[in-house]
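What follows is a single structure, and I will ask about it in a moment.
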């Protein structure tokens, strides 16, 4: 996993960030919601609640990539970020179709209220980007962008590659698939590029704190799914 | 209460916003935390947890007023916002002293982690301001700035003006006092001024949604205090 | 020309803005650079200098639309702005090819320094958007987005529809063409939509000042072309 | 001059930036406007034109420090930036009084139009800060904040410490004085602190380009004074 990196000790920046905020990271990628999702035991109500909030999440996520485009200085960087926005907008359409299969109409989605956990993580990311630079922004996005690939891969044996009747087979397959894995690999390299430009040793501690906070807010997002599903 | 306004029906904008998001507003100003605070029955652990998060809140709050100064176009508007930043920085010093009387050192405060509810409301406000204009920013700030004056006034009979041994007498007195009431009255007039410039009827519905969301996030902030106090 | 508008007196917002800042507007659309361009007498050196700076302009212009996407609240508004970014990125590729026909390589373009006039207009627009709301941003963009359509149409009889050997026939045809005219018509309607949401009478004077300043900065941009061509 | 620095070769970051963009720097600090100011031969009309634009400049400059406060993460950094805003607001009052002695009323100042050179430098700085981080912002501000101290010191022998009837004695004395020299020294150390956090060797080239562009825009600002004075 560390062979993509340009950092010291052969570790890429993402690996270093994870190692430095391990407890926060584990609270996110090993969250009960994730375990139940993988085991296929997650209550449908929890998954549906998650899907609705994830739709609202994607809107803010598109804004975060637009922010990255705005903060870019070269045509190439603008283009990369713009393609990110376009990809997220396409993903929301997929999301709407996935929701439809779970009985959630677009009207349901648009009428939904943002939960505290959705507000907390999305606005935290946007504020990291507005107040900081592109490395701050992409560090705050990493638990989501790269973390989902890690979760998808971890769940694949039981999910996407498992029994046909696994209820969350499609979701797991999406993030375990080659397409999304490639997106995440690109994001890891991008983090390395940005770090090579503006990360000193002194700054790493700050980025690690930011990364850990983002991972905790992602864990809170899973917890929200469980809590709403239990109501 | 409506005699300060310049809006229609003799109501100022703040009054209209409250009326349009009444359930959200009540969930905030009549929250159990507030009732227990007024009755003096709030567990000390809840109050202390609140104080710590409120300190972290003030840091982001100072940033919100700095954002208002940045977004201003005239020297006068910059000056008003700058005085807001200075006032909040002074308030944090008062806050540190208040915390000390509750056994919380500055080191405790600086070592504290931001809770989800703190992140959610503060970054929501900052994002409203970054993405929108000054009216969006001040509408998102209003539940805090103006709401605390309303809460202080409502609790005063039992608190600041009540028995000397009320545990939260000092806190209530701070917000019920003439100084803070005047700050809030100025903020109400400022909201009217901003609305006269950029608020059409069509926009009011959007501002009301934003105001309601901010009030709910404030209610979540109180709930966090209760939850942390019960741990 | 005013039949697109939804504003009072049958005038759309763009028409009102032009009327309110007429001298500034005329200094831009009737600038000597424009007249010489239409007459085909503009020195080639001036046109080439303009092309280079216009390339640098487009980079910032793409950032301005990314800023609009970031400042959007709905998927639809994000999508519209994102398509704007994509269109500008495509336009820069066309621009590079146009430059190639005038002997300017991509390396020439990337090595070029931004002139004062390029910095002034582009950063003014970006700051209007960052400090204000979407209406401020699109008002500052209007002289460029909508003004070029007006200039193209005015020059078409002599240029795109004129003699085959007109040196600037291609440039004029681009902006006089149905494709660009449609882009500009959409931008006018968008300005009306935004104004219906956040423009009061009191605000119009501010927007007019901003629009006039943007038009003057566009006139300065033409002047820069003449000045550089005369060196 | 390099004894304040923490950088390599004993040079502080400001010294390295100057050395890397020397031609641009000289075009600014040795500009004809500066020479004539020092010699006392600068036409009064040029100086007055400069004073008016410098007043408009200060408004944007205050916004730039408010942006720094907004982008800060700690109370201490917010406080430092906020004191910067307060100092600039105080400086504008001094500026109004200086202008009055040159026959310029506050009404003259408020009615003045921003010249292209004023827009270009100020919005460039603000955009550097909005798109980048605090190091970008303070690098773009450095030619102004630190450069004026260098110019003041260079002109002091002829100006502040020269004959009593030197027409620009007061202006030179302001920037040559211990108070302003200390402000500039603090700004140099701040630049070093920021660089220690986020400046890698790879980034230095970008900062140097940004610094050089800012110095050229400052030179354009002087030129504007000469041009307006010659009308």
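Chains: A, B, C and D, in written order; residue numbering restarts at 1 for each.
As a working rule, contacts are C-beta pairs under 8 Å (C-beta built on N, C-alpha and C of every residue); 3 or more make two chains touch, one makes a residue touch a chain.
Note that this is a predicted model, so its numbers are computed, not measured.
Counted as hops between touching chains, the shortest connection from subunit A to subunit D is 1. Relative to the C-alpha centre of subunit B, the farthest chain centre belongs to C.
Matching residue numbers shows that B-C is the pair in B-C, A-B or B-D whose interface repeats A-D, with more than half of the contact pairs in common. In this structure, the chain pairs A-C and C-D differ in their number of contacting C-beta pairs, and the larger number is found at A-C.
Homomeric contact subunit A/subunit B: same residue numbering on both sides for over half of the interface positions.
Between subunit B and subunit C, the centres computed from C-alpha atoms are 43 Å apart.
Centre-to-centre spacing of subunit C and subunit D amounts to 31 Å, using the average Cα coordinate of each chain. In terms of their C-alpha centroids, the spacing between subunit A and subunit C amounts to 38 Å.
Looking at subunit A, residues 63, 70, 72, 130-131 sit in touch with two or more other chains.
On the subunit A side of its complex with subunit B, the touching residues are 63, 113-114, 116-117, 119-120, 123-124, 126-127, 130-131, 213, 217, 220.
The touching residues of subunit C, counted against subunit B in their complex, run 70-73, 130-133, 136, 196-200, 202-203, 206. The touching residues of subunit C, counted against subunit A in their complex, run 59, 62-63, 66-67, 69-70, 72, 74-75, 78-79, 81-82, 85-86, 89, 92.
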